[in-house]
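Note that the chains are named A, B and C in the order they appear, and that numbering of residues resets to 1 at the start of each chain.
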Amino acid sequence: MLVYWLDIIGTAVFAISGVLLAGKLRMDPFGVLVLGVVTAVGGGTIRDMALANGPVFWVKDPTDLVVAMVTSMMTIILVRQPRRLPKWILPVLDAVGLAVFVGIGVNKAFMAGTGPLIAVCMGVLTGVGGGIIRDVLAREVPMILRTEIYATACIVGGIVHATAWDTFQVPLEQASMIGMAVTLSIRLAAIRWRLKLPTFALEDRQ
Amino acid sequence: MLVYWLDIIGTAVFAISGVLLAGKLRMDPFGVLVLGVVTAVGGGTIRDMALANGPVFWVKDPTDLVVAMVTSMMTIILVRQPRRLPKWILPVLDAVGLAVFVGIGVNKAFMAGTGPLIAVCMGVLTGVGGGIIRDVLAREVPMILRTEIYATACIVGGIVHATAWDTFQVPLEQASMIGMAVTLSIRLAAIRWRLKLPTFALEDRQ
Amino acid sequence: MLVYWLDIIGTAVFAISGVLLAGKLRMDPFGVLVLGVVTAVGGGTIRDMALANGPVFWVKDPTDLVVAMVTSMMTIILVRQPRRLPKWILPVLDAVGLAVFVGIGVNKAFMAGTGPLIAVCMGVLTGVGGGIIRDVLAREVPMILRTEIYATACIVGGIVHATAWDTFQVPLEQASMIGMAVTLSIRLAAIRWRLKLPTFALEDRQ
């Protein structure tokens, strides 16, 4: 039940991040709506396509789709001056959404019968997929591939979640909670203290 | 039957738009072919993957694929000087293709058993998906998200189509025709009188 | 059996190409890992989604996924100075990977019951899909659509492969070998003698 509400929040926050990015591209309002929705549901859509476990989640149950649409429309109408929002709000909510999405992805994969390796991949895909599509459509190098400890947080949280369930037989719901807490903590710590891994850069390319 | 031929025309026009965009990127001719085909069948491909209703449409029936290939090749061979085409031809044919694709998407979703909300989404996805992939591959911010009343026309036409069938019990074929006429009219009006919605732009981003 | 090992090599080489491209974008190491893996398995993933033949290949059998991950990580750790590699190595290995991926794509399509046209498309999609996703994520116009005789080599090799099996009843394994040899030879010849097709460029766009 907590996961249900966290999922709603994660969906809403991801939709808002899509709309805010669209704001700098001078888009048609319905183009903005498309970008917000794609950001919110894109990761889970690719996951469901890869698992081939019937229609994608928003076809089976449109709740998340409606949440993404309504949030995007409300953001378009209300957020004229993002300046007024305290700066930390969006990154923190985004971290919550990310942690929840990774957890949901891992769970869905386990429920579809995959092993822990694939489950972690599905968790990461669910967490970062929507943001990658958002940045590609907005013609940016995906933030998620560049930002400090973003994919990293997903991978570590996903591994903890999958290991707890698969190796230590922790019940799936508790395992999810532990994994989400790990993803969230790492990401919040990275935001708070601007933690970074050394970037990988080659001096000379062929 | 009319829909069948409109679908062929829509597919051909979308392929041409892919080839013409490729023309400014100095591509290998077979790269151009790939771009033309992807533009023509990309939207319906994503729709079918999301509906998970068996293999995508061009695997089940390659007609559209062949149309896209032949049109792309003929465009590569024949269109050396697009200057000679009257300027209004491509946008108008593109509007026809768009209207038909939205209608087909809505119908396929209804036939797969979805409700009206999902059907409208599938219609929009079918209409704009190929063009979005085309623009992403050509490294442009998707025209469809920016251009005046493009996604908007799809959404309104799709809603009319879905409402006619779902709420007013209009037979599916007539409902399609009405929806397509609405999408087409809005788009043509937008082209003719350069109608725009106020763009959504934020002054200050976080 | 030979195909099995060629597939491993192809997967590894594609992962390396993703990591090397990431090297110029100053990415987070785990972002680099994501890009390497996506490059290696992206084409086959789209193919399997389009064929809708159950979960995608790396969900059914994670071997390729593990190969892509391990290769990416080893590349991140070891390749600090790509300068030291002889210049021809990567393009040649890439050509091997490409040839193998096209052959595997054609075979998978035939085994899923498609006709030769769709099989060739699936071969091309498998060969070029991962590289296209890699270049889109790195914000480049896909090399594969521009480079001399890249898509072309795939198309010709795929057609030979499909025709050998479908028209001349050559057993599938031999047909694969012939097709792969054709793709590889064309691509190696194009690299060696810098062969190009005349690029398709329009002087004037509407």
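FYI, a residue touches a chain if its C-beta (ideal position, glycine included) is under 8 Å from a C-beta of that chain, and two chains touch if they have at least 3 such contacts.
By chain, with names taken from UniProt: A, B, C = TRIC cation channel family protein.
Here the structure is a predicted model, which is why all the values come from computation and not from measurement.
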What is the Cα-based rotation angle between copies chain B and chain C, on a 0 to 180° scale and rounded to a multiple of 5? 120
Does the chain A and chain C pair touch with the same residues on each side or with different residues, judged by whether over half of the numbers are shared? different
Could you state the distance in Å from the CA-based centre of chain A to that of chain C? 28
Where chain B touches two or more other chains, by residue: 49, 52, 136, 139
Chain A-touching residues of chain C, taken from the complex the two chains share: 19-35, 45, 48-49, 52, 54-56, 58-59, 62, 65-66, 76, 79-83, 85, 87, 90, 136-139
Given the complex, residues on chain C that touch chain B span 49-53, 112, 114-115, 117-118, 121, 124, 128, 132, 136, 139-142, 144-152, 155, 196-206
